[in-house]
């Protein structure tokens, strides 16, 4: 957990509106665990004011090269351009100086190696699952169910395949893989193998459907949630979600940035979580 | 007077902290007169909020080239990096899109061709004098007295020489030309030739000293003033200066952006103009 | 599909009406940021505006404050122009002839230092042809009552508006100051006094210091904060006033883009004014108008009036 | 030359004192933006701070508002956290042990929904070791008086501060709301009631709308605006309060850099709090402290107290 003043190593569009950014990030190889995130400061001015949270896609290093450059530890993030901050991010170049706070939050628990692992990713929700897959493939069978609206939303799937992950792609418009929702694929898989462990990240309606399906099969589930965040470190209490047993009289809020962003399904109050869908797009 | 959504053609450091920017500017060749300025929008966001005023250094055009690019009309501005806006400007590149409002304001009157013309420039105050010199050399003898703190503040003097202007350089630290203030050079020249017409632009203390000297010899003087501006078009009344005969009971304010930035010395209330020195550096 | 195409291609109805003044669209300039209209004529087709609102006018010409009068802040600006204006005689002689040619209603913003001055200006404007309505700026210190600002005290606001009401039959818009504990009290006071509409907000009082010279950045020490920085405060105040009174409301404060204007319309403003944004982009109002139309088209809104007050809780 | 070198190399005296609390330097966090200190311990040496100010504390644990609770605005943010906190028992058990190890005075921010609750929390904190002072947030609705905010009505403010004053001998800082017509009236009321210092500003009330869903962006509809956008309003209010009372003042609002803090010190604040900027840069306070020291050094100021109230007109 550090605030690095660091630089961008590369920043490339990998699908329409999706960018992959590599950032010099000392110590992350040692510190970061799957499911954690960073708070990225987009500009040195006050517009946009707040840092943006992004899952860590991958941690790596570039070997020392012939220019006598030293070995470089880096992280990669993958982001979708949706608003004021990401619009500026897409214009950033190699060598631009930025600030990076992280690694933050609690990531995924890997659980029993004997269990089959099913990763469910919706669009950009795929991001935090890659590092997890890297770890899980060492001990377990891993499948990835990846869904998106169109084929443009299906990113980096081949990289999962290279890890030895069995991948299933579905798109709502049928432009890639099966036509339909990723949750119907999950339904099929669990019908065949309910003893799997499921890890999901994606839009709230998807997460919600995944939870209902897993609950039906009593399958263990961990989800990574997106909440609005100001600080990322547990100080502002802006990012809370309602925990299991929450009521107005006895509120049980959990901090997404510190106690999450990954939660075991049992930790959460699913009857109220739909409201989380109101992740607001910011005012500007 | 147009608001052009246009692009930067080049942006280069010409002396430590001084940049020369060439901007695609259709119609300026026809419209712009010496001493006019533009309001430059630095970013598309609201930080910095206001446009920055800059004198037009030069109007020109690039001939149609072998790439079958059409002829390009452009203007050049020269700016010194002093605060939040110019700090961002120095990072702009060829091809970056910007907005340009202009040409604005009232420029210099050229007067009687028989008179010798003396241009007095202090540091960045040189900028609006170049287009004026281009025009004046066609009919009159023109001298440029150029002053700065150090040699780094003496810019584009050779370009004036190329026009056939006789130039005299002085720096406060003696690092280039004579050591001393540009106003002592003026004093000498006017002692020899009081029938000249003087045109001055520079820091307020210089302008003030120039006015005193010219008044002493009854020499005609035009000055270009820098005032804080929000709109640049006469709407906000932020940029006013006190006119001759101004009193609290009978105020006579002149709009720097519309009735200026160039004024004949007789138009102004010199007893109060010192206060204009309080051109505020902005809050951020 | 056929139906959708139809919705998309039909241009939405953009006209609104406020206090009997018919506007082509709900967008007009904020007083003091658009001069007398002619300053912006080279950059913008004035006939496309919902209305034109002129710089604050007083009975006699007014000098305004010493300089510096303006200062940039983070996403905003401070001004202490001090209501410099040509006075009503010069306004009628020099400014009105141009304004009378414009095919948009002209709203004249005015103020006074005493109740009588307010009443006097209103009376003079009452029978002036080409004036569609009056906007009364009550954010001025009442010289007779020791400098308390008319617009921060309900009693003073009610008295001065009542007096003005008696002297004019023109639509009377009262413009409120945001620098008060409870804006609803002020809004109700001016409603009771006979205003036809309310506009808000005027600037937030602010100050900035040059840390090198240790002097205030404005000669007047204190000035008015405007621009995008203040928008959330303005939206909140408009929301509160809309709920407190029956009068139509004009929303002002930090509007630079269509989505900014939409916030005000959705909380219940019938029209909006664009201020500081005119300085940033002389074409800002046209951009707002076009953006509003596009938004209605995309969202299948046939008449912009459907949007007004459509806030969901 | 010899003399100048000496001035430059000597480190300026940075300590200030407020209501008997000795601070290494005038910089501390604003309540609610720094948790209970430990959240920022990985990023910042807490021992370097002038003081630590904790999240608003109430007698019982408080749930806070529904989400969304925060929303970014132009150079600012809105929050409606709803004063969620662990309550005084958990604070003493879980948070104080960490705070007691820090070599910086701990100021506990607190509030209540009734006068009695305020008094009760103050009394509980009065004999708690390691608490250097109390900061009383009076920007809360008074549930007994139909929801009027303690901090917007002089009488209510004076009553609740008087009551608290009787229950604690600790230095008592009262934190004012900016959402009032005349801050000086409030400042004098809390001075008369026995406060030892005043801090301001709390957030400006604001609102934002999601134009797509037409819902307020905050579940609570209305929230508090903070960040660089509000700084000019804060500087103005601190300026006014410093002139109205004899108490020392802590300046708050949009401070992110040393030059921001300097504006407040120059108008007369004895210390400053950094709020929203902590979210933007967890190291913001260290940057402010270093920048203040550098400024003093460059300007030849031997003691930062020379700067306080040094505004020239």
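Note that the chains take the letters A, B, C and D in the order they are written out, and that residue 1 is the start of every chain.
The rule is short, and it goes like this: a contact is a pair of C-beta atoms (placed from the backbone, for glycine too) under 8 Å apart; a residue touches a chain by one contact, two chains touch by 3 or more.
It should be emphasised that the depicted structure is a prediction, and the values quoted were computed from it without experimental measurement.
Two chain pairs, B-C and A-B, are weighed by contacting C-beta pairs, with B-C ahead. If you average the CA atoms of chain B and of chain C, the two centres end up 35 Å from each other. As a whole-number value, the distance joining the C-alpha centres of chain A and chain B reads 54 Å. Centroids built from CA atoms put chain C at 46 Å from chain A. Touching two or more other chains at once are residues 73-76, 78, 208, 215, 228-229, 232 of chain D.
Counting partners per residue, chain B has 46-47, 283-284 as the residues that reach two or more other chains. Chain contacts here are complete: no pair of chains fails to touch.
Remark: chain B residues 46-47, 283-284 touch chain D in the complex.
The residues of chain D lying in touch with chain B in their complex are 74-75, 228, 232.
Considering their complex, residues 32-35, 39-40, 42-43, 55, 63-64, 66-79, 81, 84, 208, 210, 212, 215, 217, 219, 227-229, 256, 276, 278-283 of chain D touch chain A. Residue ranges on chain B touching chain A, taken from their complex, read 45-47, 84. Put simply, chain B touches chain C in their complex at residues 1-3, 41, 46-51, 99, 101, 227-241, 248, 251, 253, 258, 275-276, 278-284.
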